[in-house]
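Step one of this worksheet: look at the structure below.
As written, the chains take the letters A, B and C, and residue 1 is the first residue of each chain.
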Amino acid sequence: MALKGLDIFKLTPKTNCKDCGNPTCMAFAMKVAQGAVALDKCPHMSDDVKAQLGDATAPPMKKIEVGSGDDKFTLGGETVLFRHDKTFVSKNLYAVAVCENGIDEKLPEILKVDYDRLGERMYVEFLYVMYRGDAAKFAETVQKAAAEGRGIILEVTDEEAAKAALAVAGDRVILSGANASNYAAFSKLATDAKAVLGVSGASLDELYDTVTALEKLGNKNLILDVAGETVKETFANAVQIRRAALKDNDRTFGYPSLVNLHKVAHGDAHLQTALAALFTLKYGSIIVMDGVSYAQALPLYGLRQNIYTDPQKPMKVEPGIYTLNGADENSVCVTTVDFALTYFVVSGELERSGVPLNLLISDAGGYSVLTAWAAGKLSANSIAKFFKEQEIESKIKSRTLVIPGKVAVLKGEIEEKLPGWTVVVAPNEAVELVKFFKEFVKA
Amino acid sequence: MAFKQVPQKFTAKINPLTIGEGADAITLGGENVLPFYSFDAAIDNAPKIGIEISDNGYAANIPGIAEFYAGAETLPEIAKKAAAAPGVDFLAISMEGAHPDNGDRPVDECAKLVSDIAAVVNIPIVIEGSRNVEKDAKLFEKLAEALQGKNVLFLSAREENYKSIAAAAGLAYSQKIGAESAVDINLAKQLNVLISQMGVKTDSVAMNLGSAAAGYGFEYVATTIDRVKSAALAQNDNMLQMPIVTPVASETWTVKESIVSEEDFPEWGSSEERGINMEIATAAACLAAGSNAVILRHPESVATVSKLIAALI
Amino acid sequence: MGLFDRVFRGSAEMYQKAEEELAKVIAELGEDAQMQMPDTAYFLSCIYAYLGKKVTKLSELRDALAEIKGKMTTNYRTTDVFSSGIGTAMAAEVIEATKYARTPTPYEGTVYHGHFSDAEVRELGVPLVTQDIPGFVVVIGPAPSTEEAVNLIKGYQTRGIFVFLIGGVIDQAVEAGLSMGFPVRVVPVGQEIWSVGHIISLVERAAMIFGAVQPGDWEAFNEYSMARIFAFVNAYKPVADIVVACGGGAIAMGFPVITNDTDDMWRVPKSLIIQEDTEDFIETSLEARDIKIKITNIDIPVAFSTAFEGEIIRKADMRVDINGARFDCFEWVRSQEAKDIEDHQIIVDGPDIADIEPGGSMSLGVIVDVAGKNMQPDFEPVFERKFHNFLNCIEGVMHTGQRDMIRIRISNTAFEAGFSIRHIGEVLYAKVKSEYDTVVDKCQVTLVTDKAKLKELRAEANKTYDKRDLRLRAMTDENVEVFYNCILCQSFSPAHVCIVTPERLGLCGAVSWLDAKATNELDPNGPCQVVTKKRVIDERVGAFEDVNEAVQKYSHGALQQVTLYSILEDPMTSCGCFECICGIEPISNGVSIVNREHTGVTPLGMTFSEMASMTGGGVQTPGFMGHGKHFIASKKFLKAEGGVARIVWMPKALKETVRERLNESAKELYGIDDFCDRIADEDSVTDDPEALLAFLTEKEHPVLAMEPLL
């Protein structure tokens, strides 16, 4: 159980010196409890206290960083098994497997998928390069892969080949090759190269023992390859490892996981889509696939974005004018909130109506219509303010504004704040919008 | 020191719910572990897959579907083809054409259509509503009568019309009821309580907790299913122990990613591939969260999800 | 002669007739002749239900009749009346069955329906179970006149009640040319009284089909019909012994009998009701069987929809202005005895809109009288507060305020469409009856516009308001039996559960203990459930075992325990919709409270939204807690930590809202005057705890003398 803010506060100097950048020790303590600020930001706490708190505030699952600086990848650091218990912290990342001599044909396909969804860049974060016996080819492929600005995972158990590849892999690299027989040497390789070490084992017991041994060597910068012989075994491993760490407080397994679908579902792209979805929900940190086409990326990245949203911080879309179905300045205006789900559902229905419309999204704090209204984030004032800021009246000639049915109560007030506009109330539910606008156009 | 496994086997379990008759009958639910956690305890009944057609036939707008159903002219022929697709466990018939704004097919005509299907299909049948609560109330009463003895699951009993559906389908004709709520554990539970107060036994009820396509608020679906399963198993809440049936296709085949043409979005590639992947990913995510059955449209999705289930159980 | 004797005699009469008819048919067809009712899987279902016997041939029918005779006991106890009554019904079924032994269609070519098929039972059963058909009536007789018969039948039809006719009333319906049959819900069953057997057969089959009641379980059948089948009997005089005996059976099944016969008749409360005025049969019957009629449409000349909720009526468009700030106006719900009010009566007392000059003003007192067995005076304000929503949904009507500070504007367009004061009553009647159907049986609306009468009425209404306020103020957590939970906001905050007590309202500020109570009683499966408080763990912090169990249950296991009065020990969780947050300010050992509207920083160095992000989501955060504005002045606020004296900082606006009551509480608890003046606000201190301490010292704030919090 994580420490409460109040417990941390008791151990602060309580001087409100602001050296940590927070106005009070209480504010600092609360942020530490949330994991928003690191304990060492306070220069006045004794090392004893920090050590004492450090253990208690350390997450049961380690947060592993691949690389350093702004473009590093962060994995793990989870505290709960279910997102409703709090929130998931580090989204899973996707990798594509390439053979030591297969990169040239695959690379263009991999690079093609690179787009933005609600402010998040969607692309294949890692290339998973597999050593097949030719160290020079392997290094060459790794170098090519690294040049594309993606993280690199090296699947290699040959020490020399690993060493050569590490030299050209860049700084965002995972050396996935430690096992029961070579862990000491590979640990050194990884540590020297500042790489994260990937560990595998023939069974959970063997993996557990290897991790224990690595930790004894002082290497806690690990990621666990959970792949078994079959899909079933792989899933069992992924769940048991995460569950042991978070529910049963077994910190030996408190590391992110690597799920290799190339290994257990080779050649079946559709099955890989299904499995990637499964492991996105249940405890894959990096999911390795044979390839990620647009057709696979669209649902998988969308799913990941959903699952890794903070339940308390809803996804938002940018406020502004969205023209639909070829709308122009004379088209009717429709307004709703900037909550991403509302936007998607409403814009989808509006598009289906085929009616040209200007969809006006104002800043409503990312809440749904009723919540935003109840919180005062959606009001006649907020809409009027939005109209002024965006200079709607100079951009659009239509003077008809359709508002969500659930805030029918705002109609009169909006009409008062926006003289000259006719406010029309839409139905309560989005599914009724198509019919509503089809009839609206007729009338 | 070896890894100490701590299996998480619950004393409570999900109600087993059998639908259909005879050798082709299937059972949903019955497990006492989280989805696919067969390493904790054996799972007797693997999740099931339904293939969806409607009273209007098959969804001709879905690429590749017309080829699959080629040669099938009448609804019973279409149904037979659907039922024979590899991986299919049950046939789902959506009564979309009965919606007042979408053809308003009369109740008697609907009853005739489903009877004709039932006459040629042996696998269990699940009826989905028209999405109009008033119409469904009248419609299900007639369909329940027309499908007497077939042990059909009637999804889409909602807060507004559960009384009629529970009375007609659940009590008068001893069919199975699916309680439909909109991704909210408390509403789901309340509806189950209300249906059981009508006299329908809880082991005759399934839940449709609502659905969404991947990327479209799926976190609510996942979280609702997570919470329902956890309340059912860990809290032994017998008003949430019904198996979960999730219609997936109706959500995934309407989102932009599945429907925009390749001409409009050339870099996205084949729309059929996009639609199939969206359907597969969403279905897999539902099953991972805890659905005991999913309803799909594309035969390739059915085949793939069936492979997924086989690989995990 | 006593009622018992009449039942026993009628029962014997029915038996004798059955014996005769059975002997006749056995003589004709032989005792091995097949005996089955058409289109049913339930044999002779009265006999099957009550005796568990499957009759398939005449000899078995004879054996059954012998058993029936055994049920017709005459020991002058109530059970004998019931048993004989049911026996009479079964004997009636025997008589009718003899007809079907000869032909499956004995009533062919007549107006009579006779036996009901299983399909018909299901067709009627479904709407009966769902209460889409609120009930059915069996009318026996001829009515005093054909006209009256027609009025009665049509009266039931318009209320959605299914009508079965037996005897002379059928001739009257035929004479009047009334359309009859299953689809129009008026079915002429048969001429003789024994055709009642068909109706009882229908009831028993409904119990077997819809209630899974097992054949032979006598008691269970009566219990089922009593609880689930809303039927009753109207018997016109003269009521013969044999009809009285049938009535005994009806009563045993939970179906009251209403008659205008007074000869040799005895009143039995809720069961045998004498209503001499036959024109009142319908109302008397519905009341006797607790049948409530659903209101589906509102009879007004303008539209009614939530789309009009936000409509503003400007002065230029206004036909009339009703302004409680200038004249005597009020809205007042009163609980009444059922006998004192008439359902759906709408009285307008005084001038109407048409009598006022365009753009002028008028006064209006709205009195809504409600009656119902489950109605409680505590619901009155709950209804009243909803009037605002109800009236605002009328196209062309704008409503604000409540109690005697209401303001209503009615537009020219609405007036031209025919809207009058009466229609306000129609809307309130329809909404109150439909929204609160679980507690309101009858509703009557009086709209007083006569200025002369309003002054006095307003004063009276004010007395009620004062009394209610007083009651609310006098309610404490100790003097109520139970608390309630509220999980309305779990869709945002899955693990959060509010425990609502008289002294601690929901943290959204919108759900008081009375609201929660009303919500629970109006919607027993809804978001507010009873939480008992019998097992105290620690009075000081407000910890109860029952409360903890409730919290575990309704958070689906996410939360184990809460206290009601402490911010440090297992404080209540917060969703996201709290009005205020308070958090510990360690330097002063007090708490800062900040309301949602205040955007500035607090002496804790955090703003409302920063604190909210740490406190929300149903997670326990000792030292921080979300709450409603009105909780601030409560004597239970931070009771475990010493009470309201811990409050050291509040935004000015919030302070003004709670000033009066908070000062009162502080006076009562600590004997301090003008406590609020000692609390800092954004004018004196923003984010500097040292300045806060200086301020508190200067004002001699009581917190300085209190124990350290941490």
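Observations on the structure shown:
Basically, a residue touches a chain if its C-beta (ideal position, glycine included) is under 8 Å from a C-beta of that chain, and two chains touch if they have at least 3 such contacts.
The shown structure was predicted, so the numbers you read here are calculated from the model rather than taken from an experiment.
Distance from subunit B peaks, on a Cα-centroid basis, for C. Of the two chain pairs examined here, A-B and B-C, it is A-B that is joined by more C-beta pairs in contact. Taking each chain's centre as the average of its CA atoms, subunit A and subunit C sit 48 Å apart.
Our note on geometry: subunit A versus subunit B, Cα centroid distance of 29 Å, whole angstroms.
Subunit B and subunit C have Cα centroids separated by 35 Å.
Annotation for subunit C: residues touching 2 or more other chains are 494. Each of the following residues of subunit B touches two or more other chains: 223, 227, 230.
The residues of subunit A that reach two or more other chains are 84, 311, listed in rising order.
Considering their complex, residues 306-312, 392, 398, 492, 494-495, 558, 568, 576-577, 583-587, 596-597, 601, 603-606, 610, 613-614, 616-617, 619-624, 687, 689-690, 710 of subunit C touch subunit A. Taken in their complex, subunit B has these residues touching subunit A: 1-6, 8, 36-39, 101, 131, 213-220, 222-223, 226-227, 230, 252, 254-257, 267-270, 273-274, 276-278, 280-285, 287-289, 300-301, 304-305, 307-308, 311-313.
By the touch criterion stated above, subunit B contacts subunit C in their complex at residues 141, 145, 163-164, 166-168, 171-173, 184-186, 190, 193-194, 197-199, 223, 227, 230-231, 234-235, 237.
The touching residues of subunit A, when paired with subunit C in their complex, are 4-6, 9-10, 14, 16, 22-27, 30, 33-34, 84-86, 311-312, 371, 374-376, 405, 407-416, 425, 428.
In the complex of the two chains, the subunit A residues touching subunit B come out as 82-84, 112, 117, 204-205, 207-209, 212, 230-232, 235-236, 239-240, 243-244, 247-248, 250, 252-253, 265, 268, 270-271, 273-278, 280-282, 293-296, 298-303, 305-307, 309, 311, 341, 344-345, 348, 351-352, 431, 435.
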